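Dropping the structures in below, format is structure tokens.
Consider the two complexes below, in which chain A is the common component and chain B and chain C are the respective partners.
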Partner chain A sequence: MTSAEIILTGLLISALRSATPLLLALLGECLTQRVGRINLGIEGQMLVGAVAGYATVAASGNPWMGLVGGALAGAALSSVYAWLTVVAQANQFASGLAVWMLGFGLSAYFGSQFVGVRIEGFEPGAAGLTPTVVMALVLVPLTALWLYGTREGLKWRAVGESEANARAMGIVPWRIVVSGIVVGGLFSGLGGAALSIDTTRTWAEGMTAGRGLVAVGLVIVARWNPWLCLPAALLFGVAEALSFRLQAADSAVSAHLLHMLPYLASLLVFVITCVRLRHHPQGGGAPAGLRAVFER
Partner chain B sequence: MSPAAVAAPGPFVHTLRALLLFGAMASGFFLLIGHHPGAIFIEIANASAGSGYAIGETLLRATPILLCALATLVPARLGLISVGAEGQLYLGAICGTGVMLAWTGPQGLLLPSVLLGGMVGGSMWAMVPALLRTAAGVNETISTLMLNYVAALAVTWLVYGPWKNPQSQGWPATVEFPGAARLANLADSRAHAGLLLALGLAALLYFLLDRTRWGLELDVLRSNPRLEHVTGRRIAPQVLLTMGIGGMLAGLAGIAEASAVQGRLQSDLSQGAGLSGFLVAWLAGNRVGRTVWMSLLIGGLLASGDGLQMNARVPSSVTLVVQGLLFVAVLGAGARWLPDRRKPRD
Partner chain C sequence: MTPNRRLSLIALAAALALPALAAQAAPLTIGYIYVGPKKDFGYNTSMDRGRLFVEKNVKGVKTLHVENIPETAEVEKVMERMIRAGATIIFATSYGYLDYAISLGKKYPKVTFLHAGGLQLGDNVGTYWANSDDAMYLAGMAAGAVSKSGKLGFIGAFPIPQVVRSINAFTLGAQSVNPKATTTVVWTGGWLLPPKEAEAANSLLDAGIDVIGGQVDSPMTYAQTAEKRRAHVVGKDVDVSHLAPKAVLTGASWDWGPTMLKLVNEVKAGTWKPSHVRGDMKDGTVVLDKFGPAVPEAVRKTILAKKEEILADKFKVWSGPITGQDGKSILAAGAAMPMEQLESMQFFVKGVIGTVK
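Showing the complex of A and B:
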């Protein structure tokens, strides 16, 4: 094969597979930010999801059980963030980082026994797509439908815009904020499990490598719209798939430099979004309640 | 009823609640993993302050955390939430190592030049999010978090590639720092003169931030950014200045780790100091004095990991969980059990 063939053959499939864990986390963070919270702890939630999912598969041999286990672990850790920001009303950025740190520690502790352990994952189906890829793709329209097409979704958006107005409408904001955070935890835990069980089929300490933090930025790039989460996640996926393929094609550039690509690409689109939103009168689709966090 | 009418708990009550909460959560975790909480707490205390060696290890671990906390604190005094100390630490280590590798001048100037290189490197890296913030309004929290991963990969690239020591067989690291490029050790511990530098800089920052007109200006601009237009004092130069100083401090942490502790540049030289430093600064309310004490406390906790592993047969990663629980407890200690009655504090 020529190097161009190595780079391009099946690039979209590889990109989709790379993007899947991030897409799941992105959809979760999208819902969380829609109710007016920025959760950096999503990185830790992905990590505990990854280790819990991996441990479940190692014990049960069933990757579906692993996804359930990972999602539940992510939701459990996100409830710590919910408690910090809703009940204790602590700063959102600091709370998220504390949850990240806790999740990193918990996953490192419980994961040490799974380093080097092999598991049986999903068999790739048609066109090399595994069930997690399909699941993530199906969740995009479902999330959008939930936000824009249901009464409950409308309430969530109302709370994200203004808790005071929502309360005046007879909504109990804190219940919805907690739901938004925990559903975000469920999704990010699922994303972490998809990463360890399906994408890499291995567990390693800190293996999410910033995907959760990238997701927080990419939600803003996607303008808090679940539909746009798909291209945003694909951008990261394409950059990551390209970095591996260029490496396989004996690129003159070192593999370690190529691995910077997904982060640089994400940062670039984040910067472009910030520039375009800067003087946007309505904040470019940002939930109004969220702007208070950013504009200090 | 106005929010002010509901008395907030005083600092003493708040600390007590945080300690109780932490004790309960940590004990719960130890019981969960099948250990007696009391025994582990005693072991942590022993392994962090029970002997001369233990104290040396605590000071060693506290040094980069203190510098990274100060690196977070300076921009925070202007209201910036920078989480970039980790990346600035890596760039400091890279640039300082670069100076060492390229050095042809007199040996006596080597160490100061290496340290200066580290500080300049950290500052330059901090300029990226600072300029993005001033020129394009890019949120510095998110840009610094993404840049941290780029910086870590830059170290990996250098130590596997262009700067790899050919004599080190498979081990990815640069050549060792010569004696003239190393910070001196304190007594016969592994702690090094970087700690004294960090403490000196902390004292200087205390003076600058709490006793000068500049510190007051930062406080005023933080409390009300709109005053920029009223008073004619522009924020942008202060963003660059505070981020630059922060980067300098974190860069110093990085080059000190490489030259004095590891003796060479290799990946994973930060051991999470950037994130620990961020939370230390936050929990210290961005006050310099409290930051010093909190850094020693967290340094001791993390340093006790090896002792725990040897004496209590508990994996050292337990200290990471305990660190996370401590931060969660302090942030959560402000909990009031009526979530719907108040507005968010931030």
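Showing the complex of A and C:
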């Protein structure tokens, strides 16, 4: 095999596989931010999703049940964030950090008994694709359709723009905000479960290693648009796949630098997006209500 | 005073008195510090199994343990907390704790610090480690024999000597049965990063590699990735064949219990002196795991024959001639590599593809 072959063979599949858990979390965070909340707790939600999913498969022997279990666990933890920010009116960032730490601790505590436990995973199908990859890809148009093509989606966007205006239209904003947060939790829990059950078939403490936080940043790159979540997540996936393929092809670049690649690539696009957004009259797709969080 | 408050006062008094009683009853307290979770099914699990072995075999001993302590000044605080809690022996089980153990050793001369690996000693600081290269060499033989392409891969966390040695021993073993075998090395940049380990394994398999070795916190993720893709692996630190029964060929695992027990008994008896204690396959600190179904009978026989040679000192992995990656001679024929050079190894042997940086 030549270097080019080592780098390119299966690159797209690898990138998709790497990007899948992130894409699911990203779609969830996109919906949450659309209703005007920034949830840093997504990292913790992915972790509880990963451990709950893994535990469910260990108990039931069915990976599909695991995905359901993971999604529900993510939703349950996100309801803590919903309670903190909607009912208790606490600061969004502090609440998100609290939920993150809570998720880390809970998943480490309950997860220790599942380390090294064998589970039944999905068998890779055609071209090495697994059901979670397909599921994430299908959820992109579905989420976009929901947000832009349904009456309920319109309400969500209205609440994200301005809760006061939405209330004047007869919408009850808190219900929508809570729904947006919990659906975000559902997606991130599913992402975590996809990571543990399918991508790695492993549960390990803190295994998401910052993917949730990357999702929070990538929402801005995706301009709060579910369609753009796919290329944003793929950007990370391609960079991660490349970081190992370049090593396998014996490139002269240091492995330490290559490992920064996914984050550097994301950061670069992030900076470009932010600079361009500054001069954008409508904020480049940012919900107006969300901007208030930063500008308050 | 209400009955309730009286009760809680009694409880408080009992709680205060208990540690004092415990200190009298247990003359020996040992502290263990782990860099990761003790249930990682890898390196830290192997160290924790050593702790449980000591607990079982030393009468009246009490062990303390703390997980997830980074190799920073934080470990000093943890050690001091353990010393305040009565610990007189501390096992610092991760490679990067050494400088902190040396400096605290001066501050607490009555405490014995035992550190995993490294080449520094203090008046009360010793190191313990084991040479797993023999077992890695034998595992490499299995990899070289089973591989159809002759292309092997290796997933390493960081290019530190302990990992570099494994890669070289693995490669030399493979080349002993297939002289054309090569090992492609990729680094993950962290001890416990399952998503990256899965991706690393996938990248290697996509490049036509069919047997993967590794040295990260636990082999469980890359072993299961290989199992999914019907490829093979060689494990390290802990046997994970129950997770990937078809993929695992064999592996090099730790059994720290006996070494730790010996050190503890020496300290107890007052005969301990600071030194670099090094175990190996001969004393049982390093174990060649059982063979998986993919290793043919003839190959097993060859490997076990080589194992006997090693145990009988008739064969040494680190004896010359050893040629470097660039084709230049590193060790002349017949020469043996000294321990200091082994434990600071920063070169790859011929046939390894990758960089030590």
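Odds and ends about this structure:
The criterion applied here is as follows: the second predicted complex is superposed on the first by the 287 of 296 C-alpha atoms of A that agree within 3 Å, B and C clash if a C-alpha of one lies under 4 Å from a C-alpha of the other, contacts with A are read in each partner's own complex, and residues count from 1 in each chain.
Quick note on the criterion: a contact is a pair of C-beta atoms (placed from the backbone, for glycine too) under 8 Å apart; a residue touches a chain by one contact, two chains touch by 3 or more.
Predicted model only: the values in this text are computed from it and were never measured.
Overlay on chain A: chain B and chain C clash in the combined arrangement. In the superposition on chain A, A:200 makes contact with chain C only, not with chain B. In the superposition on chain A, the chain among chain B and chain C reaching more residues of chain A is B. After overlaying the two complexes on the shared chain, residue contacts for A:17 are found with chain C alone; chain B is out of touch. Shared-chain residue A:180: touches no atom of chain B or chain C. In the superposed model, A:90 makes contact with chain B only, not with chain C.
In the superposed model, A:209 makes contact with both chain B and chain C.
In the superposition on chain A, contact of A:259 is made with both chain B and chain C. In the superposition on chain A, A:267 makes contact with chain B only, not with chain C.
Within the superposed three-chain model, A:108 lies in touch with chain B and with chain C [touch as defined at top]. Within the three-chain overlay, chain C meets chain B in a clash at only one of the listed stretches 95-103, 131-139, 149-157 or 203-211, and that stretch is 95-103.
In the superposition on chain A, the residues of chain A contacted by chain B and by chain C overlap at 108, 112, 209, 254, 256, 259. Chain C makes touch with chain A in their complex at residues 36-37, 39-41, 45, 68, 153, 159, 184-190, 192-200, 202-204, 206-209, 217-218, 220-221, 224-225, 228-229, 238, 240, 242-243, 353-355, 357. Touching chain B in their complex are the following residues of chain A: 40, 80, 83-95, 97-106, 108-109, 112, 167, 172-174, 209-210, 213-214, 216-217, 220, 254, 256-257, 259-260, 263-264, 266-267, 270-271, 274-275, 278, 292-294, 296.
Residues 33, 79, 81, 83, 132, 136-139, 141-143, 145-150, 153-154, 156-157, 160-161, 225, 272, 275-276, 278-279, 282, 315, 317-325, 327-328, 331-337, 339-340, 342, 344-346 of chain B are the ones that touch chain A when the two sit in their complex. Remark: chain A residues 1, 6, 9-10, 14, 17-18, 21, 108, 112-113, 115-116, 118, 121, 123-124, 128, 195, 199-202, 204-209, 211, 240-241, 244-245, 247-250, 252, 254-256, 259 touch chain C in the complex.
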